[in-house]
């Protein structure tokens, strides 16, 4: 199976890249392996408790993608700086109690692993 | 698997950004390019971008509607923009770039 | 501060800034003299007939219409450059040349950039 | 006493505006009233638990400003969208359990109130 | 309190951005401007910006050092950039703009 | 993917993007052929003698030096435009014209934009 990796650097709502990534991933998941690496501000995307009055919850969208098989990882350095701390234990596919299920904090080395194993890569920076 | 000899470009930035200009430079060099406009990239349609030999342009319907950009000639608006793009990127194109 | 000029130079929908600028301008209306100045990519906001239902985000032209008392200045050179001149535009806005645009910024007590 | 209001729209680390705002506010606080309104992504600034390895914690900086008298408020709509919920009770000067002390979530109307009562306004957008 | 007749501009964007160009347009119209360069705004010193009659330029020392921009003539680098800026903005200038 | 091209077109220090691109490029070095391409405002990264201690942020030129094996291409026209040509530059970088810059992007398996 071919693999697509999507790299995001923006947080939710401020730009539409979380939503565009989601549409790309939804379509790709029907036939391909999809990886999403959350870098820089994108580590805010999986935060629990989002109640956007006028938008779709980015956290809900991404946990939905994880449920459908997308591998979603957040950069540990970026996450820790922004207050999302990786714990030893993984519960519901996540090692961060502030994150939605299925989304894990990992080292940046995981990005290079994802890239090296991918057939296509998409980056969506602001 | 045989890949057709074209490159695809997903552009989500509006005109006048250095990044979109870089994207268009690469597309012009490709000789056989498919430009996929989504998000603010669809504003390029107001600047008169259009399909030419060796240069196909696709635009995303929901982004056109949100931004009040009416139908344009010489541009393709697929029913499911993202499905077409993913298929094209994963199966058919030579190189893929996103800006 | 008795007057505030909100400067928006970012395209609508691609970022939350247009929505943010509109909301901020709207809440200031009862206290201050408010101008929303559209410059650069901000001028895309005035295209008439926006329909954002399929994107699932607020319709920004509806917000503009619902605050008819908001003074909206559009930097004409930016509009020209972007190929918007032949398009149907929202009627409640004022197209101004660069001189008038800059003068409106200068005559406001403060400028907030988005 | 004259009043300065600073409006921020970026989150911490991704841009240097949180730090620049802090330097401006530090200097202004010696003689003036300082208000800071956190709008759009800037509502991430006061999040507890930030552990930046290479930068100064923006949350610590801003809670420090609040302690010195700065009035710091975050937009309720932007905050809720990003998972920061205002509670009825105010503890340690904050009505959000995820926020550092001294920083409150309020309505956007507070921005217009701040502006109308200010002698000078600074906005620092990316 | 008497205010001197000059305007101040805090610019934190690098050259070539539409926003910094708008800032410089306003400064040029002012006739008596003080341009405070901080953050990426200090990159303007590489573009040869300098003080002229009715146009003073201040730059932030720590931002110059980080970005490896050496001493420039015809530009003022105060010991405490932000203290000078705040005093100027709150007490002396006519209008204040930040870009 | 055997090769990756990191494109940085944002100025250092003003945003975290330069730091992010450098770190991402560095961790890819052992697995892939990595090129960091500096374009537009990204070229400011190559000024020699950066000292970020007073800003309290990482010194980005030190990071560049400590990954000597990283191939860094600098888009010469961007450098010229920004008045950096007379300045002392970090020696480990390669100045290339637009043709070579675009060709390096085309010959990489993927391009990641920052």
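Order of writing sets the chain letters: A, B, C, D, E and F. Residues in each chain are counted from 1.
Criterion: contacts are C-beta pairs under 8 Å (C-beta built on N, C-alpha and C of every residue); 3 or more make two chains touch, one makes a residue touch a chain.
As the structure is a computational prediction, the values presented were derived from the model and not from experiment.
Trainee: Counting one step per pair of touching chains, how far is chain E from chain B at the shortest?
Mentor: 2
Trainee: Can you list every chain in contact with both chain B and chain D?
Mentor: Where chain B and chain D share a partner, that partner set is A, C, F.
Trainee: Mind checking chain A against chain D and telling me if their interface is mostly the same residue numbers on each side, over half, or mostly different?
Mentor: same
Trainee: So, comparing C-alpha centroids, which chain is the farthest one from chain D?
Mentor: That would be chain B.
Trainee: Averaging each chain's C-alpha atoms to get its centre, pick out the one most distant from chain A.
Mentor: E
Trainee: Let me have the rounded angstrom distance from the C-alpha centre of chain D over to the C-alpha centre of chain E, please.
Mentor: About 25 Å separates the centre of chain D from that of chain E.
Trainee: As a quick test, compute the distance in whole Å between the mean CA positions of chain A and chain D.
Mentor: Using C-alpha averages as centres, the distance is 27 Å.
Trainee: On a C-alpha centroid basis, what's the spacing between chain A and chain E, in Å?
Mentor: 40
Trainee: Give me the residues of chain C that touch two or more other chains.
Mentor: Where chain C meets two or more other chains at a single residue, that happens at 13-14, 16-17, 40, 55, 57, 110-111, 113.
Trainee: Which chain D residues touch at least two other chains?
Mentor: 13-14, 16, 40, 54-55, 77-78, 119-120, 123, in rising order.
Trainee: Would you give the residues of chain E that are in contact with at least 2 other chains, written as numbers and ranges?
Mentor: Touching at least two other chains: 12, 16, 18, 39, 96, 98.
Trainee: Strictly by the criterion at the top, what is the full list of touching chain pairs?
Mentor: A-B, A-C, A-D, A-F, B-C, B-F, C-D, C-E, D-E, D-F, E-F
Trainee: Which of the residues in chain C end up touching chain D in this complex?
Mentor: 1-2, 4, 16-17, 20, 23-24, 27-28, 30-32, 110-114
Trainee: Can you name the residues of chain F that touch chain D in the complex?
Mentor: So the residues of chain F in touch with chain D come to 13-17, 19, 55-58.
Trainee: Using the touch definition from the top, list the residues of chain A that touch chain D in their complex.
Mentor: 11-14, 40-41, 44, 47-55, 59, 77-78, 80-85
Trainee: Under the definition above, what is the set of chain F residues touching chain B in their complex?
Mentor: Chain F reaches chain B through residues 7, 9, 39-40, 98, 102, 105-106, 110-111, 113.
Trainee: Considering only the defined contacts, which chain D positions touch chain E in the complex?
Mentor: Listed in rising order, the residues are 2, 4, 16-17, 20, 23-24, 26-28, 31-32, 119-120, 122-124.
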